[in-house]
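All chains are identified by letter, namely A, B and C, in their written order; residue positions are counted from 1 within each chain.
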């Protein structure tokens, strides 16, 4: 066989796992991916609105920072998204695919609403709020515990299980609304709007400040838990290698169940904050898809709670900003989901260039 | 009584058809080991692409021809869902991204695309009101010519548009291809054990790409059926609802078998609307009944994992990325 | 005679810093059976994987029937009529035998499984295999699975057959049948390569023998012109003096008694069969054997990671004077008994260390539970990490570097350093110098000798016979999960151990 023929038959390049990459190179790649995705988004916006993209981005900034009210609303969205992201993080770090945050939030919220609705005017407000909190957390735990226990016992596929649990929660909420709203309009108005029983109080005149503060504290606590606690350490080891975990005597099943209890509890908490602190009502859209978005937020931040503040800000900003362009240019608000999707595609795609390298076959032969 | 049952069965089938497209598509995809959670998004895009294609056609000619209405919107729908599937396949196969995250992002993106264009399409053409493609919808809804002559039987089982029969044919053909052909054997082997398939000389990458693509296009037809036949050419935002996830549930319920997916889809479709047919049911109990499909799916999932019967398990490499020179 | 069926010239392959094959050349003619002989890690399987398209060579040339070819994938290998029967079967569990056999084939005509089953039955009848083509793989025994693999290659009409350790899982009767088949195929003019380490089988079946040692090609001899001792010598090499220090053990006491332990894999294969030995304090006990003879399972059983099917593991506690049975206890329970057991596993990054964690966090694997608070204490692990880095000269940017980014030698220093720091009474190390350079290897030997001097009972699983003979005090030889001999390392030869390992002595390989 002659040389030319041989060349054409050999693979031009092959892909190999990188042994490791410096952290700054990795973040450079990720930064590049975000910039590339913003350029693509700009193209799309220009095509749709025929406006100067800089003007459009300016409008987006206005959507989030334009008025104090918009700013607080954005912060509130950020806080809830961040709270759910924090919730799913320990489970993901352990490689337990909890796709059921949506349902855990919803069921947690439902537990709060049951108390708010039924005993709202019968017990002191502090006691009501405390019991609502407890009920939500327990509800979230319950929703996360089923899949975890069965995963530990029989290896039941947790991503499919948790996914299905979402819709059970959705239907339970729909059921409750039908029971509570006799007109059958399936929309529940503000609950206890006169007594404000079960409403988290305003702080310094700001309605959402308590939510934001709780989540801020939670972020720091979760960061410390994952990085400095024994539990956090066990989660990391189980997630990285179950073999190593067994080798040093970690009870893997126990860690799975314990971590999902935590994950469910925090989702329940998010449900409580939404019902008691933000909406004072409940609907099937209580979690509003944040249960799924949170998975991406957590993944993009490489499971680091502090970086999650940035990634959830990115998403919250996009959603508010896209809402603003939608009103300004009379477009549909779903543009936000399109932009979010594109940015996430770029960021998950760029991980390839961090973990793998493309080797040229020719250069290796030295010809 | 008989006519109520007949109309219930009819309605169950109508509800079941989009689910059947979705679950058949997802089964084909999952058989290659790809857990495509982007299917709900793909179905939205399949629907809206068909709407866009049909809209442009209806607005560019004076008088529409039914067959061209169908061809244009069908092609548009297939192209839309193919592009979506390619995003998934490129990210998970070529760039080896995590399947769960990619799938969820694709669903966010796809639902966004559907609702965005559904809500803004008319504005782009400086019109107002809501989208309604009467001609195209009518073309899709055309029943078999002899259906009405066959009385109750005809009205119950033969009164659907051609896409409904297509769904059943696709499911049966998929079942035959998966179980009775070399291609099917190779595909199943990849989903079970890609390293073995690779060693047997099967092009794992090409199979995974193609099955994701074909599966996505089939699922997209579910979206098309919904907007063209079920709602007769009208688009309402979020109108398709959570049917995409229900399709994924059916995949489990049918134990990854396209043939079982047919009956499963009709059962799930029936459960979706049975509350309308039970007299004296309170609106709250209706919501509980709507919960049943998911509950049953969970029970099936738990039972198969507990019984550990080999033939009933999900494809063994489902959700995992395959990379050959792993050492 | 025409061109050789397959000819390799100067094949090289490296994995990271490890050289698996270096300038290997060999030739197989049609109608010939070649045995490929070598110790563990000598690169036999890697070499054959390059012919069958699993790996791609870094350099070198492959000729089939005199023409140079490039084998990029298993498919290319099939196109050149090369068929390989792997040691680890590549079968789809939920498929039937017939379905596995035709997997990936592009035959013309209708796909009819009944038809294929008939063809499979014909092949079975022709060669005397006993197999039900419609039986599912997961219902099969190991030898049935191997039969499926062999029929798969025959069905494809392979002209060049490669069998990786085919007799390791077969009964003597099945081995005889296999050899009969191989001889028939040889008469058909096929070229056959059989990877093995059982010398009597080599002599019984092959026409010529090629020997690899540590990735390098040693030579080829005609079977009719050689004998066991020449082959053993080619395989293990001339004795090389390594000048490893070895002190006489002092005050040796029985520390760990392994009594008749049995272990079966999930497939029902006996991995450990009535294994007994005693490890004493202040000595290094070597464990020799071809890889896969049960070394891994033995160490993991002692460490509490596997449930045994029989036997006892008795630990004599030097502090309390009590004796405890460690069988079926978890690592945590073993620790709670006051047993200070350290274990350097074979799979350093998959078991002993976590690649993505830094050195400090890897130190914590053993100690993170210390302290009463809910938080981990990083001060001591940091000090320990710094100490190991300076004492063992670990080359790393800092103690905060993920261990994945260190070189193989430095990774091993971190792991061994941590296990020794726990002040063990029993220290088990598996292949501690695999892939390490000379200096790092000597450092590891020095550390093991220090432990021995401290009265630790060291159990050393090794593959390099030179090292085993010079470093250890006594050597337990395993062959197919059985102890074929316990020898005094000071009065033995590599040849003696080599013969025990390959099961030709001790009479245990044939039952």
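Just so we're on the same page, a residue touches a chain if its C-beta (ideal position, glycine included) is under 8 Å from a C-beta of that chain, and two chains touch if they have at least 3 such contacts.
Computed from a prediction, not measured in an experiment: that's the story for all the values here.
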| Which of line, ring, star, complete and other names the graph you get from chains that touch? | complete
| Any idea which chain sits dead centre by C-alpha averages? | A
| query | If you take the mean of the Cα atoms for each chain, which one ends up farthest from chain C? | reply | B
| field | Euclidean distance of C-alpha centroids - chain A vs chain B, Å | value | 26
| task | Using mean C-alpha positions as chain centres, tell me how far chain B is from chain C in Å, no decimals. | result | 48
| Just curious, how far off is chain C from chain A if you go by their C-alpha centres, in Å? | 45
| request: Going through chain C residue by residue, note those that touch at least 2 other chains and give them in order. | output: none
| message | At least two partner chains per residue is the criterion; list those residues in chain A. | response | 14
| said: I need the residues of chain B touching at least two other chains; which ones are they? | reply: 325
| Taking the complex as given, what residues does chain A use to touch chain C? | 1, 6, 9-11, 14, 19-20, 228-234, 236-237, 240-241, 243-244, 246-249, 251, 361, 364-365
| What part of chain C is in contact with chain B in the complex they form? | 15, 52, 54-55, 73-75, 77-78, 86, 90-95, 99, 102-107, 111, 113, 136, 138
| said: Under the definition above, what is the set of chain C residues touching chain A in their complex? | reply: 16, 56, 58-59, 67-70, 72, 303-305, 330-332, 335, 343, 345, 347, 350-357, 361, 364-366, 368-369, 374-376, 378, 402, 404-405
| request: Over in the complex, which chain B residues touch chain C? Could you list them? | output: 180-182, 185-186, 188-189, 192-193, 195-203, 310-311, 313, 316, 324-325, 327
| said: Help me check something: in the complex, which residues belonging to chain B touch chain A? | reply: 35, 37, 87, 90-91, 94-98, 100-102, 104-120, 123, 237, 242, 245-246, 248-249, 252, 282-288, 290-291, 294-295, 297-298, 301-302, 305-306, 308, 314, 318-319, 323, 325-326
